[in-house]
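A, B, C and D label the chains in the order they appear, each numbered from 1.
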């Protein structure tokens, strides 16, 4: 079987100033607030302020990304996003992440099921990250 | 053995307008932003804006609380709080929650270990909740 | 308010040989199989083989306990147990843990809600641990 | 960018009799024990008995898969596997899952980082599932 991804939509998330928790028992914890942004290219909407990436730089140089936040689509439906990744210090860009979506009855319910990958391109000099969400499929 | 709690500090968290995700496969998801507040009575500091309670009202009438946010103590140390609970529709107030703390090297490292209970008193008419954090101990 | 615990029942879990994953990015992971045991003193039943404690000894000397397994009560109801803790190297015994219970419609549904503490006494020379489960309450 | 998967290895896991927790507040919980199996096709080893899929059939007909277990490779290294999925009632086979790997210093440390997809083919009449693990990459 061959695995491939189909682009669904793109999240452009604006980041606030890092909140530095410091060196914890499992690594360096930094909380990166998500303060807004846009959704485009398949779904259209905005990123709501209020979530974050509770980021952990581990002793071996790898990094755990663990982000939770909401997007509001044109029409009003809210989708809750949880996006996680573990990447090496020298991982190529885009970083590959694993998004999951919690969707209400009036939202894009097809996002409730299946497997997704997010191609995350940091643009930290601009204070934002771009995430291209793809649905994975397998075919003979 | 007898279990008892010792009061450590109190979090008074200010809540923003509810972000309603709607009816999801496991219940009604509402995201309740945490937008500020104070810490007093043992530790002194502020609640940072940017986290939330990703609240889930389940089909049987019970509710899951799942909150993540940060507090900044006088002196500058940041503590990351994760607070969870499952409570019945008719649970008496205060609701009992299970907080955990991620603490950097310059923070109150004694909060990294042990078991805690949070006594959560909703004051929703004032747009806030009060959480009295106790450390649990067992003694003969 | 005063916090107290009321004993509900006791789990006596038998442990299998440790499966050593070794030094991972966040600490030393050892998987401790749960291979049987008994439930007594309020509820009566057996511990089913098949779960484990996915234990993590962290670089600062503290330990994360994360166990998931099932108990079967007399009458046939199965309760799924998730039990977690973070404890210091020199924590006094019993260790305090935070159990949660997933309960089907024909089981002890009162365990679905509220806050619990487990008093865990290792008896590693006997290959078992005893966990006294208490329900927490708060009173004026 | 194009997303693709590269096959890494195949897990063939043997399942024990289902432990039925019944109807819980968020759906029908069934615990499916993992009692053995093999690893082949890139890595060589065995599936250790002792983990499970803590499976949840949700009220909307979708299913959450949440499995944790260990594999032991030839040479002795143990890898801890967590594999999750959410799939619709009518999802085509193979089901797409999201595996993660906790790896000790003497194991295949390249599995610690990156994004993976597992192509899960149930062979329930034979009491087993086959999971083809692929690493995801993105390329222009």
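Here are some notes:
What we mean here is this: a residue touches a chain if its C-beta (ideal position, glycine included) is under 8 Å from a C-beta of that chain, and two chains touch if they have at least 3 such contacts.
This is a predicted model, so every value here is computed, not measured.
Chains making contact with chain B as well as with chain C: A, D.
Chain centres computed from CA atoms place B at the largest separation from chain D. Annotation: 25 Å between the Cα-based centres of chain A and chain B.
Each chain gets a centre from the mean of its Cα atoms; for chain B and chain D, those two points are 33 Å apart. Counting partner chains per residue, chain A shows two or more touched chains at residues 25, 60, 62, 112. Contact residues on chain C toward chain B in their complex (touch as defined above): 1-5, 60, 62, 85-88, 91, 94, 96-98, 100, 112-115, 117, 119, 132, 134, 136-138. Listed in rising order, the residues of chain C touching chain D in the complex are 16, 19-25, 29, 31, 33, 48-52, 54, 68, 70, 72, 77-80, 102-107, 112. Listed in rising order, the residues of chain D touching chain B in the complex are 25-27, 58-60, 62.
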